[in-house]
C-alpha cells in the first residue's frame, strides 16, 4: 500500500529560507508541493524558481487564493512578522496545519491560535529557530550552567550583520540565567585598557560577538571551573541546515493537536 | 549555632588523587580531616605530606586500625581495585559512608554493598569519574546522538599514556550507542591509504586518540549533519579539577541512603 | 585612461570549480570572459550556465577551437589530469598564460612547460591548491615543526569522501617531515584496544581522518609540548573560497615570466 | 672529554617564575645552579625552596653579594622592573650573561646594555615572553594578516586577572597592524544592543577578553575570508611551559655577543 504524501504549501517561497523549503518539499519522497506563494515571483514555475527542473506548480501571489484552489495539509511560512499572523488564521480556517518560521507572535496570539487549532483538531508550530543543533546547544548550556556558574558566550556571524549580540546569543543568555546561580563574574577590580574588550554584560556574565566574512553562524558557550573547561559549540554553514528541522516539524504537525511554541517541544 | 563539620578519612592519601583529597578536606570549611591512610607515608603529618602546614593528623598504615581510633563520617578512597572492596566493607561496618574512586566493582559487589548501606542507614558512592564536566559531556553526547547519528569522538591525552582509546572515550561510545540509530558511517567504499587514519571503529562510528606531551585529558564529540556541526568538548587541566565533584559527593552521602553507582546520579 | 581588462578563457567551465571561475570572471571588474569551454554544456550561454544572467558568450566544446576564435590573455583550466597537459601546450602556443588547477604534471612536464613559457615571454601557474588559507596552514605547520616535534594532524571532510587521509593532510605531513626532528611519538609500549584508534602513522607522527556530513574541508595541526599546545586550523566552507586565490593567480601571471609550480610562490 | 656545565644564577628565585627556573637549572644535565637570590627566602636551601631535595646552595639576599662569591656564567632574572635594570648592570660588570624576563626597559637602556655586553664580549637577552608557542602564534598571525585583513583576537585568562586585553593580545595586535591593510572591519551601521559585545577596537579590528576560572593563558587569532577561516591558537597550561624557552636562551647567550631584545630573535 502506498502512503499518501503530505501536501505542503510554502509561503514566502521566493525568499532565502522559502527557496530552501521548496527544494526540501520537492526532494523528500513523502512530501508533495501543493502551492508556492511569493508575490514577487508570481507566474514562475516553483521548481525553476529554486534552480530545479520545472515541477508544474505555478507560484501564486496570495495565500488565501492559493489555499482555496488546492488541498494542502501543511503551510510552511517564512514570510514577515507583518504577514505571518494573518497567514496563520487563513491556514487554520482551512484546516491546513501552520508551521510558522517567523517571530513576533505575542503570548495572546499564540494562545488564541492554539485554541483555534484545537477546535479544528489540527497541530501547528511557531518556531523562531529550526536548527536542531542550535536548540541542543542552548539546552545543554542551560543545564551545564546549573553546575558551572562561570561562563562566557562567544558568537560568530558574517561581517555585514547589523546587530550584536545575535538573537541566538541573547536567547541562550536568557535560558542560562534561569539555571545559573546569579553572580558577577571576573575580578571586581578588573579594568579595560581598550573599552569593550571584556564584552557585553548580561546578568553578570559576558557575551562576545565576532564578525568576520566567510562565517555564516557559529556559537560557543564556554564554562570554566577549577581545573577544567566545558565547551558547547554549534556551527551553521548555511540555511539548508535548518531544513531537517522543518521536515521534522511538517511530519509532526500531522500527528499533534494544538499550536506548539518552540521547535524544541517537537524533539523528544 | 555552629554546624558540625563532616569528618573525612582519606585512604590512599599518599597517591596523586589522595593528596588532592587531603588538600581539599583541609581547605573546605565544613570538612575536617579525621584520618589519612597510606602505608608508604605512615608516620608523617598529613598536612606536610601534601605540601601544607602540619595539621596534627599522623598518617596511618591500615584503614581498619585508623577507623577504630577515630570517629569518621565519610571515607574517601582512592586506592586500588584490589583494596577497595575490603575497604568498603570495613567502612560500612563502622557506619562510615564510603566514597570510592576506584573501578573494578562487579554488579554483585555493588548490590551487596547497597544492601549493607541500607541496613546501616547510610549513603555511599562508587564513581569511576568525579569530573562534573566529563559527566556532562557524556550525558550531552548521549542526548545529541538521538538527533545526530553521525558523530566521531576525538580524545587527547599525554603522550606517555599506554592505552587507546581512553576509558572515558569508551564509556562515551557505550552511552552514545544506547541512543544513536545504529548505522555504519562513512562511504562504504572508502579506503585508507595510510592504515588507521580513519580511527578505531565502535558500533559504526569512529574514535581517534591523540597523544601529545603537555596535554592532561581532553575529549571532543563532534556531530555532523547537513549544514551544521555540533561539538561538545571537555578539557581537564589537572587532578584538582576532580575535587569539586569529590566535595559534592562527601556532602551528598551524608544525606542519602544506599550505595549509588556513578557520580552522575548525585548531580540533580 | 581606462585600463584594459584581462581576457580570461575558462576550460572545464561546466564542472564544480569551473562554474565558480566563470562566476568570478563575470564579477571581477578587471576581468572579461573571453571563452568558456565544456563539451557537455556546449551551445549554452556561459552566464546562464552558472545561474547568472546571459552574458553573450556561448560555451564551446574544444579549447583549441575556442582559443583560435578569440583573443585571450589567460586560460584557467579545471579539467582533468588527462586533458590538462595538452591544454597547457595549446595555451602557451597562442601566448595565452595557463593557470592550471589540476594535478598530475610530472617534473619533466613542468620544466618543459617552463621553457616554453619563457620562450613565449609569458607567465603560467600549476597549482593543486588555490586556497590561501590552506597554504598558510601548511607553511606555518612546517615552521612550527622545527620547534615542536610532537604533533598530530586531524582532518575533517564530508562523509562520502573515498580516500583517507586527504591530499592536503598528506601534503602537510610531507612538508612537516622536512623540518621536524625525526622521532617516533607516543609511548613505545602503547597499545590500541580498538585497532586504528591511534590513527595512521606517517614518519613517526599520526594523522586522523574524520568524515562527517555537513563538513566541506577542515584541517587542524596540533603541536604539544610541556605546558603548551599550538594549533593551526583551516576551515573551508565551499569552493568559492578558492576563488580569491584564482583571481590573484590570473593577475600575477600577467606580470611574470615562466611556469610556477605551487600557488604559494605567487604569495609574497 | 666532559663538557663544562653552564653555571646559572637565579634572581627572584622565590617567585613563581623563579622557582620554575631553579627547578629547570637543577634538572637539566648541562646546567649547574651557581646561586639563587630571593630576599624573602634567604638562608633556605634552594632545592628545598622549590620542593626538591636539598642541593647545597643557600638562597642569598643580594645579587651583587652572591655574584661576588661564586663564578656564574648566566644570570636568569625574574624580579621586577624596578630591580631588573640594576641587576643587568651588576651582571654585565662581572661578565655574567643576563637573561632578563622582565619588562620596563626603555630603548635607551637596551642600547646602553647592548654596548656594555659587546664591550665585555658576552651575550644577553631581554624577553617579555619566553613561550615559543606564543611567539610562533604572534609571528604566524602577523604573516597571515598580509593576506587576510579581516581578523579578530580572542584571549582567555583566569578570572582574577585585572587588566584586559592581555599584554600578549596587545602585542599581537601591534604586530598584526604592521602587515594588515588598514581598514575598519564590520558593517559601518552595526550597533550593539548590549554595549561592549563587539569587543575592544584596535586599529579597525576587535579584541575579546574572556575571563574564566581554570584557564591559565590561551589566545586565538581568527581570520575570515570568503568561504574560509584560518585560526591560530596557543594554549598555555602553566608557567613550566616557559622553561624550554628559558633553557634555549641560557644556552644561546653563551654563544652570542650583544644584548638581544625579544626571544624570537634567538629562534632560527
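Residue numbering begins at 1 within each chain, and the chains themselves are lettered A, B, C and D in the order written.
By definition in this document, contacts are C-beta pairs under 8 Å (C-beta built on N, C-alpha and C of every residue); 3 or more make two chains touch, one makes a residue touch a chain.
Treat the numbers as computed from the prediction; the structure is a model and nothing was measured.
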Pair joined by the larger number of C-beta contacts - B-C, A-B: B-C
Centroid-based (C-alpha) most distant chain relative to subunit D: A
Averaged-CA centre spacing for the pair subunit C and subunit A, given as whole angstrom: 36
Centroid spacing, where centroids are CA-atom means, of subunit A and subunit B in whole angstrom: 39
Subunit B and subunit C: spacing of chain centres that average the CA atoms, whole Å: 48
Contacts with 2+ other chains: residues of subunit A: 214, 223, 225-229, 237, 241
Subunit A-touching residues of subunit B, taken from the complex the two chains share: 131-134, 136-137, 140, 143-144, 146-148, 223, 225-244, 267-268
Subunit D to subunit B touching residues, read off their complex: 51, 214, 216, 237, 241
Residues on subunit A engaged by subunit D in the complex (per definition of touch): 150-152, 154, 156, 159-165, 170, 185-187, 189-202, 206-215, 222-229
